[in-house]
Amino acid sequence: MNNKLVQKVSKKAGKPPGALVFIGKKKQEKVKIHLMDYTASTFTEKDAKSVEECFTYMKKPTTTWINVSGIHDEDVVEKLGKRFGLHPLVLEDILNTGQRPKAEDFDKYMFIVLKMIYYNGGTNGIEIEQVSIVLGKGFVISFQEREGDVFNQIRERIRKKGGRFRSLGNDYLAYALMDAIVDNYFSVLENMGERIESIEDELVDNPNPKTLAEIHKLKRELIFLRRSVWPLRDVINNIQRGDSKLFTKKTQIYLRDVYDHAIRVSETIETFRDMVSGMLDIYLSSMSNRMNEVMKVLTIFAAIFIPLTFIAGIYGMNFRFMPELEWEWGYPMVWTIILLVSFTMLYYFRRKGWL
Amino acid sequence: MNNKLVQKVSKKAGKPPGALVFIGKKKQEKVKIHLMDYTASTFTEKDAKSVEECFTYMKKPTTTWINVSGIHDEDVVEKLGKRFGLHPLVLEDILNTGQRPKAEDFDKYMFIVLKMIYYNGGTNGIEIEQVSIVLGKGFVISFQEREGDVFNQIRERIRKKGGRFRSLGNDYLAYALMDAIVDNYFSVLENMGERIESIEDELVDNPNPKTLAEIHKLKRELIFLRRSVWPLRDVINNIQRGDSKLFTKKTQIYLRDVYDHAIRVSETIETFRDMVSGMLDIYLSSMSNRMNEVMKVLTIFAAIFIPLTFIAGIYGMNFRFMPELEWEWGYPMVWTIILLVSFTMLYYFRRKGWL
Amino acid sequence: MNNKLVQKVSKKAGKPPGALVFIGKKKQEKVKIHLMDYTASTFTEKDAKSVEECFTYMKKPTTTWINVSGIHDEDVVEKLGKRFGLHPLVLEDILNTGQRPKAEDFDKYMFIVLKMIYYNGGTNGIEIEQVSIVLGKGFVISFQEREGDVFNQIRERIRKKGGRFRSLGNDYLAYALMDAIVDNYFSVLENMGERIESIEDELVDNPNPKTLAEIHKLKRELIFLRRSVWPLRDVINNIQRGDSKLFTKKTQIYLRDVYDHAIRVSETIETFRDMVSGMLDIYLSSMSNRMNEVMKVLTIFAAIFIPLTFIAGIYGMNFRFMPELEWEWGYPMVWTIILLVSFTMLYYFRRKGWL
Amino acid sequence: MNNKLVQKVSKKAGKPPGALVFIGKKKQEKVKIHLMDYTASTFTEKDAKSVEECFTYMKKPTTTWINVSGIHDEDVVEKLGKRFGLHPLVLEDILNTGQRPKAEDFDKYMFIVLKMIYYNGGTNGIEIEQVSIVLGKGFVISFQEREGDVFNQIRERIRKKGGRFRSLGNDYLAYALMDAIVDNYFSVLENMGERIESIEDELVDNPNPKTLAEIHKLKRELIFLRRSVWPLRDVINNIQRGDSKLFTKKTQIYLRDVYDHAIRVSETIETFRDMVSGMLDIYLSSMSNRMNEVMKVLTIFAAIFIPLTFIAGIYGMNFRFMPELEWEWGYPMVWTIILLVSFTMLYYFRRKGWL
Amino acid sequence: MNNKLVQKVSKKAGKPPGALVFIGKKKQEKVKIHLMDYTASTFTEKDAKSVEECFTYMKKPTTTWINVSGIHDEDVVEKLGKRFGLHPLVLEDILNTGQRPKAEDFDKYMFIVLKMIYYNGGTNGIEIEQVSIVLGKGFVISFQEREGDVFNQIRERIRKKGGRFRSLGNDYLAYALMDAIVDNYFSVLENMGERIESIEDELVDNPNPKTLAEIHKLKRELIFLRRSVWPLRDVINNIQRGDSKLFTKKTQIYLRDVYDHAIRVSETIETFRDMVSGMLDIYLSSMSNRMNEVMKVLTIFAAIFIPLTFIAGIYGMNFRFMPELEWEWGYPMVWTIILLVSFTMLYYFRRKGWL
């Protein structure tokens, strides 16, 4: 998970809006620019060495997809921005990875920010990455924080000669990117679901402080997930219902499908939240049960043996005149009393249901 | 209950939208296709061996109902889809049983997804099944995950010669299917209500960890039920208020009735949620009460006998010069002290209301 | 209280909609049909022996009020329905007493379902009864589950010769019925308010498991009350704002008053819910306090006497060489130590604020 | 605080709407009628002995303010109602002090109900009083439950010769009354704020059952306050946005200010609710802490001295053959063991962090 | 933090609206008036000694920014108000620092109230200050409670000769002020985020009453923060969507950006609230865990040693006829029994999982 609760926006505070400052840890790797250019019949793919290399494809009436992996090089973003006429605030939002999902329509192009979510097996936690998509006339530019494999399936489908994908235009490409991101949420949720189920089993069999820590962690992750996913519904709904000319009628039916998925994702998150908060209640109740059990054991021991010890104490006194001590049957009598008291107490506790 | 928290949609992630992949356990039984074709005066019923068999009834101006039990054979769904001109995303939704209830109007036909809920006595739990209904001009196609008896009453009414049902058209048939599904919720809720009441009795008489587990299970089931039923209101309301030509004015009054039932179902679920969450509070409070009682017993025993034991201990000391030990009335004096202390303590606890 | 959480609607599941089946316990008493027919100048009142007897009054331009007490005779309802042209679903709703409050406008008549609430002193609980009202041109038909005295005041006002009531038409009569039902809620709420206050006093003075049971019962009743009353606001608001010609302008001002009352009723219920849920928190806190107090008593006793017993135990040992035992002042010395220890402990606990 | 949870409306149940019955305790004092009549240049003030005395001022084109303190004399209200043409339901609402804040526009006049809130130092609680205002053409009538000093400042401003107030018309007067009532809320809230802060300090320093009772009382008062204030926003908003001709454009800017205050009042109440409910959590947590501390003291004492007592018990046994008893260094050895055990235990508890 | 829960508005209660009374502690420092006057080409900056000094700049077609630091001098505010034609209620709101964020459009000028939030390292708490902005034709007046450095960056940008800022008009200046205030929230949130994280660590490692106090403090601060920030969204949204001519199209795109930030701020606050309230649950659960652990230690000690002490007590009795005492192997036999009992108990506790 992106562990910082608040993105260090303050670094920027005071700078003029539109100032391009990458917020996040500076990474050393070079930014990777991947380009695909296709029509139903033609297809070019290359790893561009510089931004300028991409510009030549702009004049052609083809669908051009520029995917930028790594946004720590402000220069690349700025050049692309200048060439494609993007508003300075758009460029600022691409670099500032603390955005919430949103879609802004600038007439000539549409700017979409989404959140990609990964389950990181190493840290056993969730990681969130910002993906920005710019859809303009004849082109789609996508920005990822780092290289990933979520879009690979889309690339495969584009490469397939004669595939339906190539003839569907750049709005379908933008849809496909969104769809890939939203579909990816389900695998994260599946993983979470499994963790929830394993905690639930533990809760019944053997609740312990580790369980509590796990519940707490889940709760925290769900708070973050929710924050990333919640605005998604509105975003996709706005795109779908919007009257932007960038999306064709045909693609809008597909957008309705993504919208549906987005709703299911957020509903599942709500369900998980309900379940996790229920688990905390159960945990507390279990703890209460256990404390009760411990208390009963203590009470039974104390209530049986303390009176007996008292009886033994009585006959350990050194008074000169204690007739019982002289009796021949004194000692057996004491044992009889002891057994009587013990059984009475045991009977009493059994009736109370403590045994 | 469908125990998986999240449907394995991820199996599909990356595939093109519209790709037909059945999500769920592959079942071995053959898909059963049941066909009913009727007008006010004519009536045919048969178990079709292949999909193609149904197509001949399409040309007639009759009401044709094709009920497909079992959706694990993607081929059947695909053929039906092609023949009736259904959108690939519709077919995908039929096969993907993780849909939420929804109604989509495709002008020429309407696609409705509902959730059927069963109480499974074997596992003492709830099971959820997806039912998809396609209502087109002159036909209704319904898809069930497996064979069930919920629609039998409808079949009986269709078979009845001269019955009102036959003359009411295919929109009334679609309504009847929805009504049967929603009415079935009530029996599930009744069963739940009985479980809630029996837990409530237990809560008063004898709360124990098993009660807690039962409450937890109920809570979980209600979360799932709610998720399945909540969108139903909007779905039916949309159909009823929508301007689809597929539903006649006459049928819309009946739809208003189903809407009413749907509201009652979801209100009952909310009521149950309120009650179950109240039960957890009561459980915790009861536990607190019991702990208190245990503590009181312990304290009474300890507070009475520990001082007494101390007194006995005093006169068990072996000092050479202890005048009391020599007194003739020493021993009875000690007993007097013991009784005095005991009664004082008992009086004190009684006044505190602990006895 | 109507103890069943869910009405046995399932009895009916599968029957065609509009099938008239009374849901509830069959009562043996005969259905009572009471008729009042009046204009400003004329007035007739009678207990009709059969439904048909009422029909003769229908042709006259008078206001006719037919009150049916007891709805277990499906025949009566059916005949009335046929004569007044009511939709089968209306008749079904009259018989099925699990309806939620609603108002449905069928142009020619309006169908209103309300819930009457009684406090039953015998069971010390709340009972809910369904009252259905049909307002048509020149008539009002009301259905009660059993005979009651809530409408008696209205009857008195109608009987009063020259009273204003008689000249106000049948929409005012329908209003008066609704007003009587809603006003009756206040007396139920007053009774609840008194119970809440007595529990609050108990909570401060002497919280005990019985208090907890009372709180639980109140909570449950409030859940049910709320469910019955909540839709009322919308219902009356819809009637008032609706454009039904059945209600005159003049009566609508009165409806606004009922609406106001309905809001106050539901606000009071919310207030009660807030208070009752606060009481549970207080109960838990009190329990915590008491446990604390018990624990303190135990700890004080144990912490004072256990060390003393140890000291006495030391000098009860039988070692041959224990110099203290031989000292002349040994025994007084031990008592000095004992007193010192006791006072130190008491001082320590006092400083800790436990005494 | 008005201690009754529900106003005894039931007294009235069954009576015809518009029946004038004062609900509340009958007070013995005479109703006081205060009259002010002014224009920019003229000014009359008097305590009217009878209602009729006021009527003479009605014909003049002046602003007339009739303030009625005490509403237990139904006669006064009825006469005023008849003279100014008020609807019977309005008169009923004036007498029935259980109304919620509301504003009703009857074209010729506007009827406004507000709640005045006092802090009563005597009972250390809050008292709620109903103030009804009728604004008509050229007059304002206000009804208070008893004489108060909240409107005195307004009277002063009217009396001031040449003051701006006199020339601002009767709608400004109505505004001024509302403003005075709403401004008064702030002083109640300030007082509450101080109580909250003093409880918060107590919560940290020395939580005890009295604190709990105080929190409970605050919570209860906030529930009532909220109920009285919450509808106020809508009321004032409706007046301000309404198109009543009784309020001039100029006064509406002032109403916007009252609206602003009303929002701040209700936001402050919400803030207080949040804080008070947080305080209950803190109280429970503190109790938990304290119990923990008590338990630790008990455990430390028991765990140290019980084993020691056991050791002493061993050597108090009277076996004939116990070699240790004969040893010369037996007794010191036992003390050594005792000290060893003690220090071990102390070290163990220190490491556990209990000391 | 502004520690008073309710601003002392009551000081003013009863005074006519528009009366200028500064609410808050009177500060001794002189009010500081800073003036900037610029066009793309010209630039003047000065610390004005009196209000009148500023008025000369009003006639010029330049952008004039008057920043007033310190509002305790009612005279300054009044003079400005008279010169710029501000409504008395506006002046009242500027002085009364208890306002909630709002924007009011008075056609000729717009009045905006915002809350500036500082983290005060000294008190380790949050402080809230009111900033009022008046945007009119050719001028912006801003009022701060005291001098601060939040606007310094803006001043720098204005001073920069040939900078873009100078040519953007006074609406951009107003935007820049709002942006600076909102951006400043992020640094406060970052600081809070760090405190939350450090508490979370403490919660796992070593929960103690201090942690509880910290959580309580955070919760309280969040309640206040929320109250200050929540209305901000609506305010900025209203300005942005409003049709005020004071804001140009170009600036509105920038306002959309501030709106976005405001949403992120309030979402972060909600996230923090969720997390903090989760922390309290975790704290309670941890306490429960610890109590359980303490109880176990106590129970183990008591359950092992109390029976042993009883056994020793038995053989400390002084009966004349106790055969065991005479046995040669009596003493070793007792030790054997003691060891047997101990190991049995240890085994029992280990099986219960308490060791």
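Labels for the chains are A, B, C, D and E, by order of writing; each one numbers its residues from 1.
Note that in this section contacts are C-beta pairs under 8 Å (C-beta built on N, C-alpha and C of every residue); 3 or more make two chains touch, one makes a residue touch a chain.
Just so we're clear, the structure is a prediction, and the values are computed from it rather than from any experiment.
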Can you name the chains that touch subunit B as well as subunit E? A
Subunit A and subunit E share one sequence, so how far apart are they rotationally when you fit their Cα atoms? Give it in degrees, rounded to a multiple of 5. 70
If I list every residue number at the interface of subunit A and subunit B, are over half of them used by both copies, so same, or under half, so different? different
Computed distance of Cα centres, subunit C from subunit B, in Å: 26
Could you grab the centroid distance between subunit B and subunit D? Build each centroid from C-alpha atoms only and quote it in angstrom. 42
For subunit E, write out the residues touching at least two other chains, lowest number first. 284, 288, 291, 295, 298, 302, 306, 309, 313, 316-318, 322
Classify the inter-chain contact topology: is it line, ring, star, complete, or other? ring
So in the complex, the part of subunit E that touches subunit A is made up of which residues? 152-153, 157, 164-165, 179-180, 183-184, 186-187, 189-190, 192-193, 196-197, 204, 253-254, 256-257, 260, 263-264, 267-268, 271-272, 274-275, 278, 281-282, 284-286, 288-289, 291-292, 295-296, 298-299, 302-303, 306-307, 309-310, 313-314, 316-322, 353-354
In their shared complex, subunit B is touched by residues of subunit C numbered 4-6, 8-10, 12-17, 87, 89, 98-100, 102, 104, 206, 209, 212-213, 216, 219-220, 223-224, 227, 280, 283-284, 287-288, 290-291, 294-295, 297-298, 301-302, 305-306, 308-309, 312-313, 315-318, 322, 324-328, 330-331, 334
